[in-house]
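Order as written gives the chain letters A, B, C and D; numbering starts at 1 within each chain.
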């Protein structure tokens, strides 16, 4: 039971990490591997606001979301500036990872930030005989709230409809007179804001450090590949499955734990090349 | 006789360059030889990546892992099982990486487009994580495996940085020659065809999937050899050497020198390896910024490459030739 | 065809000639009337704090000697240790030795970097003074290492002894990272605890790259008297957070405690726990008092372990080089330092004939002193290390 | 036995039927034109025949063999060859390389044997360069640098190099003058009397002139299948075809 609780809380963090990337990549076809760097910025900003400056956590995380949204805006400009081909996007992403990580080290110093300590999130909650740390519970709640919000945005709003249309057929959508550039911008900003929130919430257990751009990217990647193209529910299910698998395999085969994730990904890919939620082409 | 001369005219510059490079140890310190050897190995790795990346259009971000399989195989056989023959180790490394590339290809080719890139990235990281966490692949639980050295060729050779450099140079020339041959063959043509227009290739009777598998396996096998050479030269190999960061650098090398051209990836490999070293001499704290900046600037300027390349070519040769040898 | 044969012949001849002609050259760039110290420590990446800290320590030692030893001028060249890619560190160290003429290397910090450069340094006859531990195999006949402050397998042993003998614990669990240094340190605690009659009932290892520590807290066997652990500061902080959130009451035995500044941010969560320090700025030795004063005068603040040990090993090296009149060869230094007792910032310490140090360890307790969290010295174990 | 049998073939995308319940036969040597307004399902039908799109229902048989599930490259080997619209020539390959790729499949061992170019293969390529009037500069040009007519010829040279039993031509005449178009027809006719040709075109004069039979598609369905003369008189065809949106050539 404890494993399940651990897995779900990890899954919530994974969802927050992965959903922005899933939208950008699946819906817009933009390969922004620097998504993890945005997460890192969110974590550092939250650390500064909530831990060093003593602002309430909610304010700090909103601050992180705003700053990351602005960063997303800047990134979108950069990605707009290059042709939308894999070569350029790969190089741009890797460059941003190097530069942002080094910049973060410059600004926030080389020492990793310990997991943020928020007094009202200390202690654990007993749920069905299992101790769930309150901070994990908060992460899960925020994770599911964001999932619901994203799902509503995708399902009920005009932008969401455009995203879905773009997902199905970018050429056709352009033909219909929808301004995909605007949609890309909106998704970039929204995805980055979510990454910022993910960084802030994830910081409650993981802190902030300059290794995160790569670490987070890889976790998010697996979530996206398993979850399938740009679908919020698919990403959520994938994140939970991966969280549970990770908790389980760490428990049973610690030597192979991180490999298990990738094996799951390979397995899903072999059986369903389009991911769990994927439609067949 | 005319053919002899035309052939010579094309080959002489390459030959002069090769012989010049062979004599470099007379001018360099052993540290510079060592750095150049490293550059050659990475350049060769980038050139073999480009066989899949540039020629066949398979944007792999997990290539370093395939080189890593070669490197770790050489380490395993040498340090754990005591094999000391260069030839044995290099063949084993090639076979192991060929097998790994095959699995890599079979899984990653299930995905297409951007997803292929993501999957190669994740598969590459999986290998790196395996090397990081699996006790079987560690020496004394250290973070990098060590204890490997340059094995014997069985020719009574005397290894030091100069001879190693020359030996690697000769191997690199052979490897580059092999790659040229593949590029110039109908197989290479089929790679480029699959890259440019999959649907048409299929309609011309080509099983594109099979050619892609072949491209990845050839490219991975050559890299595996480079991985083993890297381990011999450094005396170690670490999970980072085979992880995403290295794969990304290999892609930068290939692109910066001219992905899909004959010598581009190789030249890029030498440039980036040297730059990586000297960036750290210029600024220890901000070296990552320099490398990252190089990535971004290359991304921004990439679209102007055809123009620049065209201008250069018309400067040097006076005409544009699209012939493939 | 003719062209091809001709070329092959030319190439073959040249090849043979080049191989035959290329003889080993003497690359010794060392300047005979100057001692160059090469400091190898990370300045970028996730451990980038070590480099600048170690540099402070080396500078302080140079100040003490007036940048002169054995009648020769002493200077420092710094090299960035690539924590994740030791092969890069190796290339940089080659340049350090061959073109910058380093006569001694202080560092590297991380085990894999030490492993990477040690064979080369040994071949070049350049001594390697580690400052935060190291594998004893890098010293002795097969390496040029001088391992400070003691062998990894022994360095944490007093924690096990203290737990069994002073605290009367019968059964402990352990938690450590799954790589060389962590395994050795934890083995030191466990072995000492067992040889004092205790039982180690559970050992958990955290794989490299793990960031989520929750499961190690939830899986802990709570039916033990204490948990002996060592993790890098950030991981330790993450673990302690989970531990406290879950309300686990098992006492902690923390090798090296948690360093500043991480310690200052989680201090009250550790209140009352027992640790074992290699260095502690509160240690009551004259050399330490002088050192902390000099540090405060130059850099303002309290030195941490990295500064203190970089200072100490540079100090010892320079003392040795002074005695040998500038002969910095491994052999000369080994002979000079063998068995000689130095007064250091952690009390009397010495290197043995193999170059492995023995020094004091201090059992400490986490307390709050005014607005600062401190590790208060409780008991000292002497001559730990071989 | 007919060369090609299409039996109740259909293809739908998420509930929309691009092609629905289409059946017809083509005899060896027969030339069949496919017409219909944009969006009538001509392209999808072509892709189903070529194997680029899988039929969701129905069967495709070639000389009695069921090829419905066959991948495109296997269909090619079974004797179906197709042309594309010009934009999909290989942008970075020279004319010679295009033809080498096309001929290579007919000399399967050349991939292993011919490092420097199998002589038989090279001879065949030279022959094609010659017959299709593409031999300028020994074929080292890129398609983008050639005239439209030359690109068309290259496109067709590639498609016919395998001597297919069934040739599918996707708008072969676009951008060509009437005389170039006639030239094209003659070249295709040289394949021999046994080769069947199915082509899509918008130019009614051409369709009338080339076809033995004409298929008319409308909203994914086959609405007429008759001789050119009958089609020209068919009132329904005139209504759906000519009455619909302007024909884009």
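Keep in mind that, in the parts below, contacts are C-beta pairs under 8 Å (C-beta built on N, C-alpha and C of every residue); 3 or more make two chains touch, one makes a residue touch a chain.
This is a predicted model, so every value here is computed, not measured.
Novice: Which chain pair is joined by more contacting C-beta pairs, A-C or A-B?
Specialist: Top pair by contacting C-beta pairs is A-B.
Novice: Which chain is most remote from subunit B in terms of Cα centres?
Specialist: D
Novice: Taking all protein C-alpha atoms shown, work out their mean, then name the chain whose own C-alpha mean is nearest to it.
Specialist: Chain nearest the overall C-alpha centroid, as shown: B.
Novice: So how far apart, in whole Å, are subunit A and subunit D when each is placed at the average of its C-alpha atoms?
Specialist: Whole-Å distance between the two chain centres: 47.
Novice: Using mean CA coordinates as chain centres, what's the gap between subunit C and subunit D in Å?
Specialist: Result: the chain centres lie 73 Å from each other.
Novice: What is the distance, in whole Å, between the centres of subunit A and subunit B, each centre taken as the mean of its C-alpha atoms?
Specialist: 32
Novice: Just curious, how far off is subunit C from subunit A if you go by their C-alpha centres, in Å?
Specialist: So the centroids are 37 Å from each other.
Novice: Which positions in subunit D touch two or more other chains at once?
Specialist: none
Novice: Give me the residues of subunit A that touch two or more other chains.
Specialist: 102, 105, 255, 257-258
Novice: By residue number and range, which residues of subunit C touch two or more other chains?
Specialist: Answer for subunit C, listing residues that touch two or more other chains: 44-45, 48, 178, 207, 209.
Novice: Quick one: which chain pairs are touching?
Specialist: A-B, A-C, B-C, B-D
Novice: Can you check the complex and tell me which residues of subunit B touch subunit D?
Specialist: 181, 184-187, 189-190, 192-193, 196-197, 199-208, 260, 321-325
Novice: Would you pull the subunit A residues touching subunit C in the complex into a rising list?
Specialist: 2-3, 6, 9-10, 51, 102, 105, 109-115, 117, 122-124, 131, 133-136, 205-207, 209-211, 215, 247, 250-251, 254-255, 257-258
Novice: What residues of subunit D sit close enough to touch subunit B in their complex?
Specialist: 50-52, 71-73, 76-77, 81-82, 84, 88-94, 97, 100-102, 104-105, 110-111, 114-118, 121, 140-142, 158, 162
Novice: Using the touch rule from the top, collect the residues of subunit C that touch subunit A in their complex.
Specialist: Touching subunit A from subunit C are residues 44-49, 178, 205, 207, 209-215, 218-219, 233-234, 237-238, 241-242, 244-247, 261-262, 265-266.
Novice: Show which residues of subunit C lie in contact with subunit B when the two form their complex.
Specialist: Against subunit B, the touching part of subunit C is residues 2-4, 6-7, 10-11, 14-15, 18-19, 21-22, 24-25, 27, 29, 43-45, 48, 51, 78-80, 84-88, 90-92, 94-95, 97-99, 110-112, 115-116, 119-120, 135, 178-180, 183, 207-209.
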